[in-house]
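Quick notes on the structure that follows.
The chains carry the letters A, B, C and D, assigned in the order they are written, with residues numbered from 1 in each.
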Amino acid sequence: MSLSVVLFLVFAVLAIGAAIRVVFCHRIFHGAMWLIVSFFGVAAIYMLLESPFLAGIQLFIYIGGVAVLTVIAIMVTKRVMAPNQRTLNDPVSAGIVALALFGVMVWMILSLPLPMAPTAPVIEGGLELLGAALVDPQGFLLPFEVVSVMMLVVLVASLYLGRER
Amino acid sequence: MIHPYALVGLFLLVAAIFGVAPQLIAWYLSPKKPSHRKLQAYESGNPTFGETWIEFKPQYYLFGLAFVAFDVEAAFLFPWALAYHQLALYAVVEAILFVGLLGFGLIYVWRKGWLTWM
Amino acid sequence: MADVDVIAVLQEAIAGGGPLWLQVLLRVAGAFGMALVPLVSVVFLIWESRKVIARMQDRLGPTNAGTPAGPWAIFQTVADAIKILTKELIIPEGADKVVFIIAPVLVVAVAIAMWAVIPLGPPETGLQVVDLEIGAFYVVAIGSLAPFSMIMAGWSSRNKYADVGAFRAVSQIIGYEIPQIMSLLVPVLLAGSMSLQEIVASQDVAYAISVPLVALVYFLAMLAEVGKLPFELAEADSELVAGYFTEYSGMMFGAFYLGEFINAFTGSVVFSLLFLGGWRGPFVDVVPWLGPVYLLVKAFLVFNVMNLFWASMPRLRIDQVLAFNWKALVPMGLVVFLVVALTDKLMWRAGVPEGWARAAGLLLSNVVVGGATALLLVWYKRRLMRRRAARFAPAAVPAKAEA
Amino acid sequence: MDLLATVPLSWYLILGAALFCIGVYGVLANRNLIVIMMAIELMLNAVVLNLAAFARFMEPARIQGKAFAIVTYATAAAEAALGLALIISIWRTENTVAVEEIDLLKG
């Protein structure tokens, strides 16, 4: 086995194991901590895919933003979920649905003719191209500005919902 | 030739070692004589009363929300700033629009007083 | 003869050839060496800042009274480190043990992890672990992990003071990340690269001279990020015991103390790299090994400006800290970022040559923005005073009752 | 040492599928709204992982995959922020974050 296969397996097991701990957590704060571990594992997978920018964004938006927000939400609503309360609703049928979905997905993935190795090496300066494409009217200008509108909505709406009354 | 990303991983490992090593040394060297009084929470000498995990004002949460909006904005500006030298003037105007919309939102919530600590 | 061979093989391995095990060994040694730089510097800087702050406050600071800590107690920090290693590690009864133990490990690891991309000297000295093409972004991304050690410490301690301290620290740190990133984007934009080595190389005119307002915003945000006074309210020893690490003792407490100083020093180094020209200085192109000296001297000066604040400022309240961020630094960061981007692009269109001419234009734009801000503040203060006067004047009392 | 002997694409996709299905399970089975939000984040993370893997394997010379990925990130962050804001405001009025106890629409 080459080093990249070993690293992939290590980080994949880390990400999946931590994700399982998230959905089965008894104490929700621990769930949030495992969520961060899972995100970190996926960030390492991005490094294996040779896109450090996505790994950085994973740390920056997911861990630094979303996970922090989740932890704050947990600490604000702390009292309502005592650690020994029942946390799952009907785990058996949900498990059957999830496993069936996973089976179908794996079957589809394995039946597709997918490449074993990348067709070409990553290009130098891909990030600069991305930056230029984001403001290019023929490229991703519309999504770029829509993201700005979306963030405006997030800022105003969420502060409206959470304001002191 | 070692891949540069492998070096980042190596350095993170070294950083983790530097984080763990002092604790291990201290654990080996330090005396271990726990007692009930010693293990109580330091809350000004009194035994802790009520629920220890107090709830916080949702106000703290508002600033977290505002942070996420600007966080995402900044993440988009990184590739833009990288490509800045090859961009024309209209691309800068687009970025001004991009940031300006969120700036407008900031001014709005400011005027509404939702950023004021109560 | 054998000696010559060893040197040749080593040189080959450094250049990226030769046997793999030797390369890996060299890289591991290099990583350990780089990680030791902040630790060794901090041992000196803790002593130095204690001494300097003591002098500012008309005290003597550590002296070698009774202990063999060297002249002027120069080995005081070493003695403290040895002492703290032998102190009992107390884990309180109610604590969540695993999280409680991970938090101090994480704080040191995150503080050191930033040093992977920091170039201590010019490329030919090789004093950098890896020149990542997203170096500046790496610093930001690793920095965004910092709140977690605080949350974990505060939550796991089962102590109200620790909880409150953690919450304050987190809302402060995540808020001040925004102006920090906005002002960090300006060097990235002007250099056209996120590699810290290239940002340093592009500073023919240090960015602190061409865009001083951005440097100011970055410095203030950094001050809050590392939790120095006047933004020290996460610890607030007079009201919250010690903030989020109240329950920690022995080396676990030491880890937080160490992490705080490493963060302050790393912040100074990054500030020097981004705005003060990093390792650049006279004669570096002749003697490349002068580079690290210049960088460390600059970082030392920045660190001492922080000490100046530390020794002389009172502590702000939480509402003041958050208001200063969201109502002053964030708008300022956004405006100055856009103004710099627009001015530079307009000058490029007008054909202003790179170098001093561009820098002068950017400086002018910064002065204009700074002046406008000052005028706005003066106008705002006048209006505030007028309103206050109107409210407290006797004639205004019926009007107030009416409203 | 063959560092660049890469892992086949299907492995990345199976990892993504696994994360997605764990997320689905979390959404279906959990009672706590905040855990449900975390499970949704896992699902979106799996989506971005798929996008990044396809971008690396199928068209490494272009940037479409990365552009899609970061827009998905923005969407995920927006979803998390608004969702958690809703949860907080529900918690303020109902004082619960358990899904079956929230019955505001029953009237």
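Some notes on this structure:
Just so it is clear, a contact is a pair of C-beta atoms (placed from the backbone, for glycine too) under 8 Å apart; a residue touches a chain by one contact, two chains touch by 3 or more.
This one's a predicted model, so the numbers in the text were calculated from it and none came from an experiment.
Overall, the chain located most centrally, as judged by its C-alpha mean against the mean of all protein C-alpha atoms, is B. Across the two candidate interfaces, B-D and A-B, the one carrying more C-beta contacts is A-B.
For this pair, subunit B with subunit D, the centres built from the Cα atoms lie 20 Å apart.
Subunit A and subunit B have centres, each the mean of its CA atoms, that are 17 Å apart. Put simply, the C-alpha centre of subunit A and that of subunit D have 5 angstrom between them. With centres defined as mean CA coordinates, subunit C is found 14 Å away from subunit B.
Counting partners per residue, subunit B has 2, 8, 53-54, 56, 58, 60-61, 64-72, 75-76, 78, 81-82, 84, 87, 95, 99, 102, 106, 115 as the residues that reach two or more other chains. Shared interface positions of subunit C, i.e. residues touching 2 or more other chains, are given as 132, 137-138, 155, 163, 167, 170, 174, 177, 194.
For subunit A, the set of residues touching two or more other chains reads 50, 52-53, 57, 60-61, 64-66, 68-69, 72-73, 75-77, 127, 129-130, 134, 147, 151, 154, 158, 162. By the document's touch criterion, interfaces exist between A-B, A-C, A-D, B-C, B-D. On the side of subunit A, the complex with subunit B involves touching residues 44, 47, 50, 52-53, 57, 60-61, 64-66, 68-69, 72-73, 75-79, 127-132, 134-136, 141, 144-145, 147-149, 151-152, 154-156, 158-160, 162-164.
Those residues of subunit A lying in contact with subunit C across their complex are 29-30, 33, 36, 52-53, 55-57, 59-60, 63-65, 67-68, 71-72, 75, 127.
Interface residues of subunit A, counted against subunit D in their complex, comprise 2-5, 8, 12, 15-16, 19-20, 22-23, 25, 28, 31-32, 35, 38-39, 42, 45-46, 48-51, 53-54, 57-58, 61-62, 65-66, 69-70, 73-74, 76-77, 80-81, 86-91, 93-95, 97-99, 101-102, 105-106, 109-110, 112, 114-123, 126, 129-130, 133-134, 139-140, 143, 147, 150-151, 153-154, 157-158, 161-162. Touching subunit C in their complex are the following residues of subunit B: 1-2, 4, 7-8, 10-12, 14-16, 18-20, 22-23, 25-27, 29-34, 36, 38-44, 48, 52-54, 56, 60, 63-64, 66-67, 70-71, 74, 77-78, 81-82, 84-85, 87, 89, 92, 95-96, 99-100, 102-103, 106-107, 110, 115-117. Here subunit C touches subunit B in the complex through residues 16-17, 23-24, 27-28, 31-32, 34-35, 39, 84-94, 101, 104-110, 112-113, 115-116, 129-132, 137-138, 155, 157-161, 163-164, 167, 170-171, 174-175, 177-178, 181-182, 185, 188-189, 192-194, 241, 246-247, 250-252, 254-255, 258, 318-319, 322-323, 326-327, 330-331, 334-335, 337-338, 341-342, 345-346, 349, going by the rule given at the top.
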